[in-house]
Amino acid sequence: MFLNMNLFADACSSFEEAEFVLYGVPFDATSSYRKGSKWAPLEMRKASYNFETYNGDLDVDLADVPIHDMGDCDVCCAVDDTLNEVYDVASSIVKAKKIPIMMGGEHSLTYPCVKAYKEKIGFVVMDAHYDLREEYEGVRNSHACVSRHIIDDITDKYVSIGIRSGPKEEYEYVKKNKKIRSYTANDVDGMGIDRILNETETYLKDCDRIYLSLDMDAIDPAYAPGLGTPEPFGMTPRQVRSVIRRLAPKTVGFDVVEISPEYDQGITAQLGAKLIRDFIAAKWKSMQKI
Amino acid sequence: MFLNMNLFADACSSFEEAEFVLYGVPFDATSSYRKGSKWAPLEMRKASYNFETYNGDLDVDLADVPIHDMGDCDVCCAVDDTLNEVYDVASSIVKAKKIPIMMGGEHSLTYPCVKAYKEKIGFVVMDAHYDLREEYEGVRNSHACVSRHIIDDITDKYVSIGIRSGPKEEYEYVKKNKKIRSYTANDVDGMGIDRILNETETYLKDCDRIYLSLDMDAIDPAYAPGLGTPEPFGMTPRQVRSVIRRLAPKTVGFDVVEISPEYDQGITAQLGAKLIRDFIAAKWKSMQKI
Amino acid sequence: MFLNMNLFADACSSFEEAEFVLYGVPFDATSSYRKGSKWAPLEMRKASYNFETYNGDLDVDLADVPIHDMGDCDVCCAVDDTLNEVYDVASSIVKAKKIPIMMGGEHSLTYPCVKAYKEKIGFVVMDAHYDLREEYEGVRNSHACVSRHIIDDITDKYVSIGIRSGPKEEYEYVKKNKKIRSYTANDVDGMGIDRILNETETYLKDCDRIYLSLDMDAIDPAYAPGLGTPEPFGMTPRQVRSVIRRLAPKTVGFDVVEISPEYDQGITAQLGAKLIRDFIAAKWKSMQKI
Amino acid sequence: MFLNMNLFADACSSFEEAEFVLYGVPFDATSSYRKGSKWAPLEMRKASYNFETYNGDLDVDLADVPIHDMGDCDVCCAVDDTLNEVYDVASSIVKAKKIPIMMGGEHSLTYPCVKAYKEKIGFVVMDAHYDLREEYEGVRNSHACVSRHIIDDITDKYVSIGIRSGPKEEYEYVKKNKKIRSYTANDVDGMGIDRILNETETYLKDCDRIYLSLDMDAIDPAYAPGLGTPEPFGMTPRQVRSVIRRLAPKTVGFDVVEISPEYDQGITAQLGAKLIRDFIAAKWKSMQKI
Amino acid sequence: MFLNMNLFADACSSFEEAEFVLYGVPFDATSSYRKGSKWAPLEMRKASYNFETYNGDLDVDLADVPIHDMGDCDVCCAVDDTLNEVYDVASSIVKAKKIPIMMGGEHSLTYPCVKAYKEKIGFVVMDAHYDLREEYEGVRNSHACVSRHIIDDITDKYVSIGIRSGPKEEYEYVKKNKKIRSYTANDVDGMGIDRILNETETYLKDCDRIYLSLDMDAIDPAYAPGLGTPEPFGMTPRQVRSVIRRLAPKTVGFDVVEISPEYDQGITAQLGAKLIRDFIAAKWKSMQKI
Amino acid sequence: MFLNMNLFADACSSFEEAEFVLYGVPFDATSSYRKGSKWAPLEMRKASYNFETYNGDLDVDLADVPIHDMGDCDVCCAVDDTLNEVYDVASSIVKAKKIPIMMGGEHSLTYPCVKAYKEKIGFVVMDAHYDLREEYEGVRNSHACVSRHIIDDITDKYVSIGIRSGPKEEYEYVKKNKKIRSYTANDVDGMGIDRILNETETYLKDCDRIYLSLDMDAIDPAYAPGLGTPEPFGMTPRQVRSVIRRLAPKTVGFDVVEISPEYDQGITAQLGAKLIRDFIAAKWKSMQKI
């Protein structure tokens, strides 16, 4: 008889039964320009009730998919302690052979989520920003450094899509670093997302498993105004959805980060919740075929 | 010397003189997720003063068109009573051989507007949602059921455009029901709106008269964030305008519904008001040619 | 390790252990002017994390008090069905000899909360409005009728405080009905809240148990702007707190209703959450003394 | 059957039948700090539907009072042209021996409202600002000069209440000008509003008729945040209501100006509408006694 | 050690050293529908800190470009006095052979900026509105007349892009006036921005110098909701950026006007600041090649 | 001719000439519940232009007072580095025998401001919270610990006013620590602010110099809703003004902290700016008498 509107809609399974395990991390302490991504897990859960359980494009009903929402991860004031907490949670989900879906919070939280996989993993990130600094304002685990540390510490099978911001050093780092791939927002506009996804699949063909991270500022501020560091000239939601649907079969972990819900009246959290639901449906569909 | 900013701009004619009769219905009681469409008639009227009287695309000056604004229809707490009120108003306008334009309020209000026509009529609706349930949460006349009751009770010449949400039953209902036509938002994106309109015109060629309903959530939330049930991946305003301009010659009744103006700072009501103005100009132009 | 920010802060006990049982009812369908009280349970829970666990005035630490949060009651579109749900929940808490605290939603929800007590109970309500109509816009169980039905059906030991709005019939009903007591906001201003509470205690001296209902519009809109039907010239939060602290010893059920959190940026939900916390502390303190 | 929510609630009489004639003036061109009072007539009308028709304090039902709402006065870009328009409207109402109630718009609009009376009239204004400059930023008819021009051109029976802002010259002007009376917000706090009203009545005892103007920034920003030039340490709504009720018997014209409704979510316009309703009730009651 | 966040980011040069000189003009007195562009300089400066100094598309680092921010121009209540002030400021920058960048404020401010050039200059404006009236509501220097006065008084080498609003007279004026060029938003959509820019370059081939003015309402309200007179069916930010980058080499003065930052939560001011930064980078790059 | 609206109004003197030196510190990294005090210096400067230069209560014209605004202090991501920066700035002002006025930013910034004085100093703080923890969430220099570190490291002549929140340990710390004084918001309500100020002056009679810190959450959220950690039942602005005026003669440093301007539409920053202006006027007046 009781319904807690603040668990993600259709997350009605226990941890044990679930294939997908959602959790939030209300942490935004290293954010630089505008803060507030700590409120995003709450707002994405609330927004999830706006949508039908059925996904007509993919013919998947989320009411039939075993999903669990663990609630919010305990956060600390210090970023390193919080990353350790997230690492423990992510690891426990990965160990249980379930698919973790992290709702940030800021982008630095992605690092422990990727770290939680023991075997080789490809990493695909949609972002307006390179996030390739070694440290930012003296903080190593800043949200502005997450891609760099993932490349340095975890995997060199790295693809970024939607990039349109960074200092000159980051642009040069990408040019020099031949192992990784990066597509700017101009590339998305010029080449089309399908050709980029073809190239991405070829590049990642040796990876059995992909981690997919969505920094919502990859999307144009018209569609996603509720952001900490909005950047004009971005991707459309359809392009982002194409990436999610195409990569879902290999994807074993997903996150949506950097939504600051206080800077709009709901549409960014709604889009984030919708893209999570679309990822679950696409992944579930691919799992059924096997 | 006196101007009431709260009648629709350029609605300076008496009921008797008018060819177009506007009225509002500030009713949102069956809305499920976010409410507030009761404020939309007031905000669309206010927004209408932002625009020039002249429509340069169509070379029509609304200052020259006989338009009347009746004000707001008296609403009741119970949806059925309100629908009866709307039916009486719509009928009186239809009987007077004028073109009613209803400013909602929620989508359930469209039913009595269509019912008011005595002869056979085609029905075209732009919407993100099928609205094909027989009842929703125990309420038959819910905004989530309006298309179904129109098909069942009034006309089987039915076209929906922009659809991207519904339970599985609604998708199956559409597949099985060969008499009606439905185009998803993906169809709009893939086929182009012009091809869809060609098909629609062919399908409706036996209808002399069309009723056209615009649930504003057909439009992408980037352009129309002020909605009760926003749904990403929607139509563009240009696509919606194409539908309106193409179908205007046959259209004998029009409505704009489901704007919740408290969820943005004006752009959705402005777009709604603009589309009403564009409909009037396009219809008036077609009337002059005859 | 996991914390769900969306259960009320410090509600860490199981139902069985708890002395206080919180639940939300996200229902606002009969609201007349501005809607949105359906979001109040979510926002009061969020706001509850702004406060310390310790209440220095009363020397009670909520971390030491056994509190349970059941989540949100399942709501229906129809008011009568929702009231039945609330009745079942409230009854189950009362039967378990715990103190229910209902977070509305609209004021009509108070009726089943009071009905849930089997023995005679006094009823004290703070409200700007009499809510003494027999029906409103054709709806019997409207939020505008709740006090009337409680008097008619449940108890004639009735006190209202803070009243400053109603049709003439309600003012006359109160004058004629000698059994009940009513204090206007002018009375609060003129007599002082302490004298009113003295009179109230005398009037209720035969009641062992009181139900206390707080319609937040009792409070002045300066302190509580996030309301469905704001009414100027209201009570101060200190006056409301005095009522709560004075009556807590006898109070066996409490609710906070009619907050519409979309009409401010947090202060009304924060005040509502704070007053719930103050009620719990005051009641718990009185329970320790026995 | 039709109701235009955008005429003031209960303004159901024709001009001829009415004793009270409301009109709006959506003009804010000389406002200096924050603009937007042009939207106040619309928002006060909307807010007026939040309130009961019956005033329990005064035992007057506005449904029984003959009130007319003329709509909005035509405004021009140039302040002088707009003041001429207002003068014509106000004069026509005064000539018809009805009581004009002007909903601004900015404070400069009060000048033609007072000018419309042919015989000697007392002028009482509640305001945070002296408005005693001869001109402001080169504009004679600025909202910052309205009191000065009324004293210079129309009447030296002048009382201001709630003052707490002005350049030194204005403070000295008041000290030197022994004919007029001025009470600061500190006076209101220290002397009490009743003593000030006693003095005011004595001072105005030779005036048969008073014009009463309410610049809403007289009120503290906690109660009235939606203002162009908010000034802390202001009057309470109860104090303002005392002035209105006490002076209503002699008052033959009233206005509420300087609300900027875009700077809050409704409470200032609601308070403005409520105070208009209270003035009408108090005045009507005094008229019935004669 | 001190940083004033309210000077435009990277504007670290003195006036003498600078090649680019920014200044704001917080003036919006002739705005007709919604006001508030007076706050745009402040908000664009604030927004400028959201962006990296490096422009990866153009390989220009703004930290290396000599930019000066003069602060805000002193504004008067009367439009003519303000235009004189702007003329003096713009002239002093032009005389010093630097590139002025004016941050409005309303569009009327562009007139003195163009007037400041002594030799023949081409004028390109992006706008939703023709702004070709001779006067508007009795005011000659209204924001609705700026293009007309520039054509009449300063230069007949005139191109407008993005137009979709105007009275019939303005459409006819453009048709008759063969010397000027105008491209509607429909043209942009139909011809593509590149073909329009080809034609524009040909048309302006005899002009050595161009002044470029960006009325932000040229852009669709989805991307730029914070506007005084939003007009649906507008240009995309990418199209605007194409115009800026293509014309930058010849451009010797630039402005961004008509942002009303109170009508959104930052994205319009952010886009305005970004486009200013893009203009500086594109112009600087072209200057380096010479 | 140029005016930068973003320096505090009337801060027209050079550092050398000035007696009062304002600076902002846009830092909020340790804030726990709601962030955003980093924007407060910008918004208080903007708000300062709403007010007259003349203070009629005190007969001081700020245009005649030598005030300098240094702009914003450079902030770092790490709190300790930022406190060092603030210490350097504050020390340089103190050394120059001027009165520093710091606009926060969060309350932790007060510590280096007080530390900057070399001789014994009394410390008076208005706050809802004790801020007496030794560390908060692992951070020593948290805004929740500022009072404790000032007592432990700098001065035991300590008075807090307006307190109504803290863990039990803080309440006990105050009870045990007989050297310091603390007045709760209940004390302010019960004793009156004047009696508290009498006691405070007696307690501080041996201190020649006082540092005065205003955490804006001392004030009730009705008057100051734009806060990081709003706490109901607070002080009125008049009570705060009484403290400022009474203590100004001995006060040699002042700050206003913890305003989060994104949580209201201006009134908290306006009140903060007004109180700074009132402090300057009161202090200047006391300096003239000597």
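Observations, loosely collected:
For clarity, chains are labelled A, B, C, D, E and F in written order, and residue numbers in each chain start from 1.
To be clear about the criterion, a contact is a pair of C-beta atoms (placed from the backbone, for glycine too) under 8 Å apart; a residue touches a chain by one contact, two chains touch by 3 or more.
Note that the coordinates shown come from a computational prediction; the quantities given were computed from them, not determined experimentally.
The minimal number of chain-to-chain contact steps leading from subunit D to subunit F is 1.
After Cα superposition, the angle needed to carry subunit D onto subunit E is 180 degrees, rounded to a multiple of 5. Each chain gets a centre from the mean of its Cα atoms; for subunit B and subunit F, those two points are 56 Å apart. A separation of 41 Å divides the Cα centre of subunit E from that of subunit F.
Averaged C-alpha coordinates put the centre of subunit B at 37 Å from the centre of subunit E. For subunit A, the set of residues touching two or more other chains reads 220, 222, 264.
In terms of which chains touch, the assembly is arranged in some other way, matching none of the line, ring, star or all-to-all patterns.
Contacts between chains, counted with the stated touch criterion, involve the pairs A-B, A-C, A-E, A-F, B-C, B-D, B-E, C-D, C-F, D-E, D-F, E-F.
Here subunit F touches subunit E in the complex through residues 1-7, 23, 26, 42, 45-46, 70-74, 85, 88-89, going by the rule given at the top.
Considering their complex, residues 33-34, 164-168, 171, 184, 186, 189, 220-222, 225-226, 229-233, 263-264 of subunit E touch subunit B. Of all the residues in subunit B, the ones that touch subunit E in their complex are 49-54, 56-57, 59, 61, 220, 222-223, 237-238, 241, 264-267, 270-271, 274.
Against subunit B, in their complex, subunit C makes its touches with residues 28-30, 32, 35-36, 76-78, 81, 136-139, 142, 262.
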